[in-house]
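Presented sequentially are two complexes of subunit A, the first with subunit B as partner and the second with subunit C.
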Partner chain A sequence: MDKILRIDMGAEGGPKMTEEPLGAYAGFGGRAMTSAVVSKEVPPLCHPLGAENKLVIAPGLLSGTIASMSGRLSVGCKSPLTGGIKESNAGGQAAQVLARLGYAAIILEGKPHGDDLYKIFINAEGVKITVDNSLKMLPNYDLVDKMKQQHGEKITCLSIGPAGEMKMGAASIAVTDMELRPTRHAGRGGVGAVMGAKGVKVIVLDDTGMKMRPPKDPEKFKEANKNWVEGLKKHPVTGQGLPAYGTNVLTNVLNEAGGYPTYNFKQGRFDGASRISGETQAETETARGGSATHGCHRGCIIQCSGTYNDKDGHFLTKQPEYETVWSHGGQCGNADLDSIAEMDFIEDNYGLDTIEMGVALGVAMEGGLLEFGDAQGAIKMLHEVGKGTPLGRILGNGAAFTGKAFGVERVPVVKGQAMPAYDPRAVQGIGVTYATSTMGADHTAGYAVATNILSVGGKVDPLKPEGQVELSRNLQIATAAIDATGMCLFIAFAVLDQPETFQALLDLLNAFYGLSLDADGVVTLGKTILKMERDFNIGAGFTAEHDRLPRFFKTEKFPPHNVVFEVTDEDLDKVYNW
Partner chain B sequence: MSVKIESLPAAELQILVDAPRYPQFLQLVQQGIILRRQVGCSLRSFLLDQLRLSPQFIEENIQTIFLDGKPVDDLDRAHVKDGCTLALSAAMPGLVGATMRRGGFYASLRAQISHGPDDPNASATAQGCVTIKFFNNVAHLLGKAFLQDTFFITSKNLEDFIRWSRPTDDIKAFLGEKPFDWKAFRAGNSNDELVRVRLKIV
Partner chain C sequence: MRVELRLYATLRRFAPNAEGGALFVEMPEGASAADLIAKVKVDAGEVHILMVNGRSSPFVQRLAEGDRIGLFPAIGGG
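What follows is the complex of A and B.
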């Protein structure tokens, strides 16, 4: 992983590629790499779909090694959805394969002159860029089938569906999983639209003949990985809860807490929650011959995913995760798990972010387009998006756009990005992260890890209101650092509770790169990433007013607890004071 | 929902289910089953003495507890009253999952909905009805035993289960002495009336 591949899609005479050493980007991986390149090379005021924007695809620092859980991929650019910087994270095989092919990043830049659509093929022998207009408007599953016919079964694909080609704000980039299905998505922020604007339909990777990346100190690395795996396996969340039920295990718990946004954020409880819960989903999957425990890439030992079959036992989609089940479930008043699974497949196929689309559908329901609970109507709407009808283009541009089109006041977005499945009135601490994250409303921005071990910013008094600001800040710093490693964020819990597992993570990095990184070093890395992102957003015109939740969270009481969001604007403005 | 002890039905619906089909019925404990128990005690004493869980089991398996929808941090300062709802869960993933954990580091992030301390003198010890929900691994560990003991469920929740779960028509059941007609029940008017139920795994 010692080189960067740049492809200028707008070069005279067609796309031109160059390979270069890491230079100033040495030591960066994942989100650190994408945010460093975007903040340094992209003018913050550029149009996200224009020639000046760049799409950066980067594996994590530990991707391509034998370290478990290290296969997460970061995709960065200026977001067409938020107008700010974006790092969108995906599982699947691509990070491992790209890293083994030696690339720390692929950077797509410029803008093609015509409307040709390109395929990029990368293997051990090099890079081939070809025009292939026969791929136009192919959904992801059909596209991948075609790539299999052309390049065999040992490939990994990064692709856009019709939504990306139509440059929709909710367009994702699909990454194939171990079964070569386009089920994992860099979903958030419209990164697929930027790939579409670059005229690239698919990047096909083939690492045949390439080896695992060798660590500087193989013995220490092996030992650290052993401790790492042991730590993940012994923790109840990473060793039991996630493998058995997936992330959708949260449905019952959030619903019980009265924090499950239902009927477009009107109330915190959904009557149908137990019908779409992770427990019911796992039982349904097992009974239909699918599976409730599966990894999204080789080397994942938590295995929070699964396979969802239809009533006849045929593959319908991968196990929909909590956010997807919620956004098409409680948010839309729909308690039919099969229809949720079908929508998950349709969105994977057209290349759409499932959070953005589910929230947009709920907003459209509130605007009177459909009745809440009308699952078949929602499915029809998604096909409108895939076809690119005028109505489909409204929905496919996300919740904020849909809210405007239908005159809806209750639109749950921050910086133009739809809010995930936790109401910030019930869990106010996460509201601080939604409001202030550089990414727009994002539950993963302040997801993780070990702030108590790291003691970022000193000890926090959890009973004081400022505690929420401190904790959110610390979480955002720690999360940014983890996102640079290529590690799946679900490691957070083992790392959070078990200092020895956190140490094993540091040991992995140190043994691989010959470093002596400690907790302070992790904090510095996290802060560096956030500062780059924050500076980019300021350059793009973001001010304190953008670090706010929509007004209705402060004025509308949220049943059953009848709470409003109480963190003051002054406190929100302190998040980035460190 | 307030349930009067004297209004509990006498006739019992006995459901005879094959072991491989039984996990389907765990949806009932997610929705909530009603148990008649001694109430007016601390949550800790309720878990130990009324649900008969061991301190070790509680420590190892129940990291998240809701009393009337509010996350509980202190088992000794929360009191179980007649008509309340108690939900038990393992440790949950995600930041929000972590905030819900009892006494967890991130509990302050949900301070607005936390269960505050109850007045220990406020409720007298007596028989009462408590809705119990088991989620995730807790359902897996406790569901079978509790479903095989007598419990109560609203006819609305039972109907909801029958309508949405995989078909139950082929599963034998008796209401008192008479065979139970799933189809007729599904077509009937369900409401908040309670049904006394017990599962027999055959």
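What follows is the complex of A and C.
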């Protein structure tokens, strides 16, 4: 992982690639790498779909090693959805494979002159860039099938569907999983639209002949990984809860806590919650011959994913995540799990962010396009998006755009990005993260739900404003650092509760790179990343007024607790005072 | 008094016949959440999140007629 592949898609005579040493980017990985490149090389006021924006794809510092859970990929750019900096994070095989091929980053830059569509193929022998206009408007599953025919089964694909080609604000970049299915997505912020604007349909990776990356101190690294795995297996969340039920185990918890946004953020409990809960989902998957315990990449031991089959026992989609089940479930007043799984597949196939799309559908329902609970109507709408009809283009540009088009006041977005599955009135800590994150409304940026609701990493009352700013700040700093390592964020459940597991993570980094990083060093890394991102956003025109929730969260009482968001603007402005 | 108990995730095995993990339980006046947990024979050591009417509550919380009690093991996601 000692080089950067830079491809100028706008070069005279066609795309021009160069390989360069890391230079000033040495020591950066994952989100640290993507945010460093974007903040240094992309003018903050550029158009996200223009020649000046860059798409940066980076494995984490520990990706491509034997360290468990190290397969997360960061994708960065200026976001077409938020207008600010973006790091969108995905599982799947790509981070491990890209790291083993030796790349710390791929940077796509410039703007193609024509409307040709390109395929980039990378293996041990080098990089080939070819025009392939036969791929135009192929959905992700069909595209991957075609790549398998051309390159065999030992590949990993990063691709965009029709949504990315149409440069929609909700367009994702798909990453194939262990079964070579395009089920893992860098979903948030419209990164797929930026790949589409660069004219790249797919990046095919083949690491045949490449080895695991060697650590500086192999013995210490092996020992650290042993402690790391033991710590993750020992913690009840990473060792038991996530493997058994996956992320959707949260449906019942958030519903019980009265923080489950229902009917487009009108109420905090949904009558149909138990029918779409993780418990029901796991039972359904097992009964139909699927699986409720499965990893999204090799080296994952938490195994929070699964396989969702249809009623006849045929593969329908991977286990839909909690956020997806909620956004097409409670948010849309829909208690039919099969329809949710079908929408998960459709969105993976067209290349769409499931959070943005589900929230957009709920907003459109409030605007009168469909009745709440009309799952079949919602499925039809998603096909409109895939076809690129005018209505489909409205929905595919996300919740904020849809809200304007349909004259809706209650539009749950921050910086133009849709809120995930936790109402900030009943989970006030996550409200601070939504408001102040450099990413727009993003639960993963500082997952205060852990401490507010799940009693992990301590306890802070979710219904009161006290303590939320400090909680969110500390989590945002820690998360930025974790996102640089390539580690799955779910390790945080164990790391927050078990000091020895946090130490094992430090030992992994230190043994691999010959460093002597300590807890303070991790905090410094996290702050450095956030500062780069925040400075970019300031340059792009963001002010304190952008670090706010939509007004209705302060004025509309949210049942059953009948609360409003009470963290003051003055306190929100203190998040970055460290 | 009658209270509503909801068991989730792995705790459902303590009441396998309860539809969706929900059951109504008769308790004496003044009973606590801990008393309820003991009565339905849920292993208290496995209870990581205890909510009464949607609010995180201690085991010693006194219960009232019609209360809704939710019990969870340690879980996470996102």
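By definition in this document, the second predicted complex is superposed on the first by the 559 of 578 C-alpha atoms of A that agree within 3 Å, B and C clash if a C-alpha of one lies under 4 Å from a C-alpha of the other, contacts with A are read in each partner's own complex, and residues count from 1 in each chain.
One rule holds in what follows: contacts are C-beta pairs under 8 Å (C-beta built on N, C-alpha and C of every residue); 3 or more make two chains touch, one makes a residue touch a chain.
In this text the structure is predicted, and so the values were computed from the model without any measurement.
S.K.: Could you tell me if A:L5 is touching subunit B, subunit C, both of them or neither one (first, second, both, neither)?
M.R.: In the superposition, A:L5 contacts neither subunit B nor subunit C.
S.K.: Once the structures are superposed on A, label A:F490 by its partner contacts, choosing first (subunit B), second (subunit C), both or neither.
M.R.: After superposing on A, A:F490 lies in contact with both subunit B and subunit C.
S.K.: Name the contact category of A:A257: first (subunit B only), second (subunit C only), both, or neither.
M.R.: It touches subunit B and subunit C both.
S.K.: Regarding the shared-chain residue A:L471, is it in contact with subunit B (first), subunit C (second), both, or neither?
M.R.: A:L471 contacts subunit B only, not subunit C.
S.K.: Check the residue A:V249 against both partner chains and state whether it touches subunit B (first), subunit C (second), both, or neither.
M.R.: A:V249: touches subunit B and subunit C.
S.K.: Who does A:E566 touch here: subunit B (first), subunit C (second), both, or neither?
M.R.: After superposing on A, A:E566 lies in contact with subunit B but is clear of subunit C.
S.K.: Looking only at subunit A, is it subunit B or subunit C that touches more of its residues?
M.R.: Comparing touch counts on subunit A for subunit B and subunit C gives B.
S.K.: State whether A:H443 touches subunit B only (first), subunit C only (second), both chains, or neither.
M.R.: both
S.K.: On the A-aligned overlay, A:V202 touches which partner chain: subunit B = first, subunit C = second, or both, or neither?
M.R.: neither
S.K.: Using the superposition on chain A as set up above, list the residues of subunit A that contact both subunit B and subunit C.
M.R.: Dual-contact residues (subunit A): 236-238, 240-242, 244-245, 247, 249-250, 252-253, 256-258, 269, 274, 278-279, 304, 322, 443, 447, 462-463, 490, 493, 560-561.
S.K.: For subunit A, which residues are in contact with subunit C within the complex?
M.R.: On the subunit A side, the touching residues are 235-238, 240-242, 244-250, 252-253, 256-258, 268-269, 274, 278-279, 304, 321-323, 443-444, 447, 449-450, 453-456, 459, 461-463, 489-490, 493, 560-561.
S.K.: Provide the residue numbers of subunit C that touch subunit A in the complex, in ascending order.
M.R.: 6, 8-10, 12, 20-21, 48-49, 51, 53-56, 70, 72-78
S.K.: Inside the complex, what are the residues of subunit A that reach subunit B?
M.R.: 236-238, 240-242, 244-245, 247, 249-250, 252-254, 256-259, 269, 272, 274-275, 277-280, 283-284, 286-287, 304, 322, 335, 422, 425-430, 433, 443, 446-448, 451-452, 462-463, 467-468, 471, 475, 490, 492-493, 496, 560-561, 563, 566
S.K.: What part of subunit B is in contact with subunit A in the complex they form?
M.R.: 23-24, 26-27, 30-31, 63-64, 66, 69-71, 87, 89-100, 105-113, 133, 135-137, 139-140, 160, 164, 166
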